[in-house]
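Each of the next two complexes has chain A plus one other chain: chain B in the first, chain C in the second.
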Partner chain A sequence: MSARERVAGTVANYVDERTGSAKWLKKNLNKVFPDHWSFMLGEIALYSFVILLLSGTFLTFWFDPSMEHVVYKGSYQPLKDVEMSAAYASALNISFDVRGGLLMRQIHHWAALIFMASIVVHLLRVFFTGAFRKPREFNWILGIGLLTLGIVEGFLGYSLPDDLLSGTGVRIAHAIIQAIPVVGTYLSFFAFGGAFPSELFIPRIYVVHILLIPGIMLALITVHLMLVWYQKHTQYPGPGRTEKNVVGYPLMPVYMAKAGGFFFIVFGITALLGATASINPIWLYGPYTPAQVSAGSQPDWYMGWLDGLVRMAPPWETYAFGYTISWNILIPGLIIPGIIFTGMALYPFIESWITGDKREHHILDRPRNVPNRTALGAMSLTFMIVALINGGNDLIATHFDLSINQIMWGTRIGIILLPPLAFVITKRICLSLQRADRELVLHGRETGRLVMLPHGEFVEVHEELTPEKKWLLTQHEQAAPIELELVDQAGVRNPKTFRAKLQARFSAANAEAVAKPTAQDLKQLENEHH
Partner chain B sequence: MSNELAPLSDPGLPAHVHRKADTDPVAEKRAEQQVAVLFGISAFGTLLFIYSYLFIDTESFVFIPVMGNTNAHQLGLGMGLAIALLGIGFGAVHWAKTLMSDTEVIAERHEMRSEDADRDAFVASVKERSEVAGLGRRSLIKRTLGLSVGLVGISPILLLGDLGPLPGKSLEETSWRKGTRLVTDPGDRPIKPADLEVGAVAQVLPELRPGQKRTLNDIAKDAVLLIRLRPEEFQLDSERLSWTYQGIIAFSKICSHMGCAVALYEQTTKHLLCPCHQSTFDVTRAAKVIFGPSARPLPQLAITVDAEGFLVAQQPFNEAVGPSYWERS
Partner chain C sequence: MKFLSKYRRHKFATPMLIVIALSTLGFTFSAATASPAKSELAASAKSTLIAEGKEIFLKGCSSCHGLNGEGASIAPSLIGVGAASVDFQVGTGRMPMADMSQQAMRKAPLYTEEETAALAAYVATLAPGPASITNEEITWERDGSTADGGELFRNNCAMCHNFAGQGGALTKGKYAPTVMGVEPKHIYEAMITGPQAMPVFSDKTITPQEKLSIIKWIKSAESEPNLGGASLGRVGPVTEGLLVWTLGLGLLVAIAVWLTAKSR
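What follows is the complex of A and B.
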């Protein structure tokens, strides 16, 4: 035994005698993780969160979350002797007088954008492949919670520097709170410590931004990962992959090296962006004052859809009995986002109700094989994209020399017409792809090679698929729709007729599919040829 | 519920295909060197980072195509950090992909559901323990416990009471009174009608009372936009017309939609546009909303001149300024 082994042995013995960790580690170092690029999306989110914690901690060493009035004396000449809040002055100080401060600010902001982007793309992957199905519904809800917290956290973060742009964003958030019927005015006074903007808001959102929300997110991420670990990762369909196994690489060493290396890659790319791509140059905006605003005011992209909805809202307000209800703020600012996020959180249960499927699923769906879900996803995505486009309507108008009124009307109509259209088109595309898969399995791949038969006929040579490929294209289940039970065996009318009818209706639409080829089909085809 | 016809059969996991580095010692050696080079590049990145931190002046700039003039200190730090991190990252991944085993292994899955025996034992012990605690029987304890826990939950909510003052009537009030002078912002100089040419726009605030200091909270309600048109361009009723002075009309600058500053004035169309959500107001028709999400015109401030010829307010705003709220009548 070498000296090094002896030292390692002593340490391991010391730890194990006190924790008994060898047994647990022995099992989990062999933990199998399936390999696929789309499984890295959630990893990107995790790593950006770590980057956010690291870079954010650095920023707190100098940031002064105070709205106290100071006169700027730092090294950025254009703002010298300008009155501003201590928060803005310290953000300038970090950008210009702390070595590496600007880099860290930019890394922090880029990491936040990447964090939100990777969460959204991860969510889309989970949705379109059906990874949220039993037993993973809890993790889906945790994910929706993390997405929501991430949006709030990001918004609070870019509100902290108290520059003209961020102050305008806070003003809008304030107006949304104030628009809540009955309690809105009180809520806004409690949140802000008085009328807008007050002196208390920045210190308060600072604590929420650096302690409260990150703490909650850290707890949720921990549970999210523990569940992934405990339930074992889903896997894409393929030969040898079943609902009863998981095929992949062991944690030690392959996955450790890959995942660990990937953390450094994500951090490296964030650092590269922070070094080369300017983001949120607060010194150009100037300090916040409620009487000014910069043209082309834009929130960060993950808030853009919300701003786009607010922009396209019709000018509706109700005045009755001396009270005001601002539908123009409530509908786009609270009601629609509420419906979207609640709907998203409940989706696994809705789908399970429609399909009547209560079994566990560990093999992922190919999106084409679940046309309704895929179409629903495309529909929601279209809605969000139209809203997001309208969130940048002013920039689109100036860049492409268009009328802002036309863009607004275009998106107002588009947000109603385009999502259903996206649903229909996506569903048709899915069914066409199913048909193409069926043709491939039955008749093989077109090789493009033409052969002249002895009697002069030209035929194209089709190459038969490998058994592996055939299995991939036919492994999925094609569930029949739920049968409607209006009367039971004793002839008694089902008391839940309406619900049953609704379920049967959805189920029928959901079961629409191009029949996949079976072993009989292939055998029959073979007999015809010979 | 699955397809009744027999499905195709699963051919099983395909045979493992060896990589070049698994069979060819030269390829293996090359892969090893590549990994080492990547880790070496990372070390160079850290050296660049240290050098930039210590020796590149924070005020020095370099010209870089596409990026333009760039702060050399920040760029050196950033590139050093990026190279250091990417070198480690790519090195580790390359190592894993070329040299570590790429044989896929299979692990079994088990249903999440506990065994029936475990479930029954669990239910039994919960029942037994709660019986020991007497939860089912001692309803007096249960009710008083419920009461006390419910009540104690109120305390932290009550403690939040001092988060802010109650709104009261404060949202309806601004600093504008009858006779308050309009002063320039910035500068705090009183204004005469002659200071404003036809077509001009100015942002004004109420004159400070002696000893008063202007806060952002004041500005958030008091900011006023002064616009001068030719008097015949107005399409106002007689009351609203009497609130203007020689073609000068004053509106709250705080948007009636969500409170942004209505900062864009288009001289040719005489429209005011809020850059946040594009609510558009027609100045000639008392800031009537002609486009966008805002439901109300901008509040108008009635103005006239005082004895010395300076512009003053005739009265406070005709309605509450800023975004709507529940109590707003």
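What follows is the complex of A and C.
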């Protein structure tokens, strides 16, 4: 034993005798994780959250969340002697007079955009592969919670500098709060501590942004990861992979190295963006005053779909019993997002009700094998993208020489027509892919090699798939739809007729599939050939 | 007085006195008689200019604006728009229009400066209007204030032209163009004439002094280096979102694929 090993052993023994950590470590360091690029999308979100905590802490050292009126005396000349809030002045100070401040601000903001984008792609992966199914429904809901908190946290974060652009955003948020029927006005006075613009809003959202929401998110992320740890990671179907095992690499050393390295890569790319690409140039926007607004005022992308919905809303208002109800803000700003997020959170339960499947699932679905879910995902995504496009309608108009009115009408019609169209098309594509899979299993791959038989017939040589590949294409189960029992054996009418009918109907649509080849099919085919 | 007392008895004193008196008289006379002759010359030059302008107008503009600039169904009347309007529209290449789209766009001017001046002079004769301005007349560098200009710009201009003067969309295909790279005189003329969808900012709304400040701020924004790296067009968060979804997430996913590729 070398001297170094002896020292390490002594230290490890010292710690183990006092904490009993060796057994725990041995068990957990050997924990196996399956390997796939799409399993690393959530990691991007985790690492950018760490970057956000670090860079955000740096920014708090100089940021002054105060609405006190000051006259700017810093080094950015075009704003010299302009009156502004202390919050805006300190954000300018961070950008121009604190060493590394602008870089840190830009890293913080880019990390926020990457955080939200990686949450979305992680969510899409989980959705399309069915990773939310039992036992992971709670973790899905935690994820939806993190997404929602992330949107709010991002919005509050870019509102803090009190610049012209973010002030415009706060004004819209104020309008959305006011649009809540009956209590809206009271709520807005409560949140802003008075009328708009308020002296209290920035100090308040500062505490919420740097303490409350990050604290809740940190707790949720911890539980999110603990559940992954406890329930073990899902895996894609493949030879040797079952619902009872996990095939992959141990945490130590393979995943330690990969995940640790990936953290630095995420940090590196964020820093690269922060160092080379301008983000939220608040000095160009100028200080916020309610009298001013700039053309092309947009929110960050994760709010863009909301802005797009508000922009396309027709000017509907009703006036009843002394109250004005602004449907044009209420519907796109609160009702539609409410439906979307509630629907997302409840989706695992809805699907399991439709399929009647209450079993645990650790093997992921190939999206094509669940056409209805995949089509539903494509439909929702289409809705969001159409809304997002309208969020940038003014820039699209100027950069592509289009009329903003045409874009608005295009998206108004598109948001109703395109999502169902996406559903139908996606479902058909999935079924076609199933058919292609079936053909592949039964007839093998077309090689393009033509052979002339002795009697002059030409045939194309088909190469049979490997057993592993065949298994991959046929391992999924195809459940039959739930049968509707209107009348039971004793002749009593089903008391839950409406619900049962609904379930049977959804189930029938859900079970629509191209029958996967069975062993019998193969045998029959072989008999025909020989 | 020492000089005069010493030389007043000098033999050249009298002839010198006569020379001085005569030349003063002569120069005064010539100056007095020459000036009417000069203004006559200028007047004739101006009338030539107007005639030239009319000729250009009849060839290049009258098919839409009418033979006397009275306008028609497809083009507005030019009576009373003034030389400033002509200098802006023709000097920035907006007129003559390339096609009948929603709005005349800025392009390389079709007419030279002299021709533009002639056109402006002709249109100014139709009815009184704001006079054209030269770059030398507007002393924005000396009299403007960048910070005031920024405030004024954000108050009066940014809602259409964007916070950094990059331009923005208006209704039905119309747009507020970028104000970057525009000659100071054209900015000034646009403010006093209100071309196309733009309102007129009279000297009561924005004083001439304030107009100079706005020009100074625009010129400062134009020459301001991109302090945070690539500017992404100075159009706000849309391009930032585009970059994060393409380059940012693209790189990260590519690396995730690379990190897990070896195990296959």
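The rule is short, and it goes like this: the second predicted complex is superposed on the first by the 529 of 530 C-alpha atoms of A that agree within 3 Å, B and C clash if a C-alpha of one lies under 4 Å from a C-alpha of the other, contacts with A are read in each partner's own complex, and residues count from 1 in each chain.
One rule holds in what follows: contacts are C-beta pairs under 8 Å (C-beta built on N, C-alpha and C of every residue); 3 or more make two chains touch, one makes a residue touch a chain.
This structure is a prediction, so every number in the text was calculated from the model and none was measured.
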First, second, both or neither for A:A271, with chain B first and chain C second: first
Which of chain B and chain C A:I279 touches, first, second, both or neither: second
First (chain B), second (chain C), both or neither touched by A:L165: second
Chain B versus chain C as contact partner of A:E468, first or second or both or neither: first
Touching partner for A:G444 - first (chain B), second (chain C), both, neither: neither
Contacts of A:G296 with chain B and chain C, given as first, second, both or neither: both
Chain B versus chain C as contact partner of A:G74, first or second or both or neither: neither
More chain A residues in contact - chain B or chain C: B
Residues of chain A at both interfaces, chain B in one complex, chain C in the other: 35, 96, 102, 106, 249, 258, 261-262, 265-266, 269, 275-276, 291-297, 393-394, 404-405
List of chain B residues in touch with chain A within their complex: 1-3, 5-14, 53, 58-59, 67, 71, 73-75, 77-79, 81-93, 95-97, 100-102, 104-109, 111-112, 160, 163-167, 170-171, 185, 203, 205, 216-217, 219-221, 223, 253-254, 257-261, 263-264, 274-279, 289, 291-296, 322-329
Residues of chain C that touch chain A when the two form their complex: 102, 146-147, 150-151, 154-155, 158-164, 166-173, 175-176, 217, 220-221, 224, 226-232, 234-238, 240-241, 243-245, 247-249, 251-253, 255-257, 259-261, 263
Chain C-facing residues of chain A, complex: 35-41, 43-44, 77-82, 95-96, 102, 106, 110, 113-114, 117-118, 121, 164-165, 249, 258, 261-262, 265-266, 269, 273, 275-281, 283-286, 291-301, 304, 391-395, 397-398, 401-406
Of all residues in chain A, those that touch chain B in their complex: 30-32, 35, 75, 96-97, 99-100, 102-103, 106, 135, 168, 171-172, 174-176, 178-186, 188-198, 200, 231-232, 239-250, 253-254, 257-258, 260-269, 271-272, 274-276, 288-297, 307, 310-317, 319, 322-326, 328-329, 332, 360, 362, 393-394, 404-405, 408, 441, 467-468, 470-471, 474-475, 477-480, 515-522
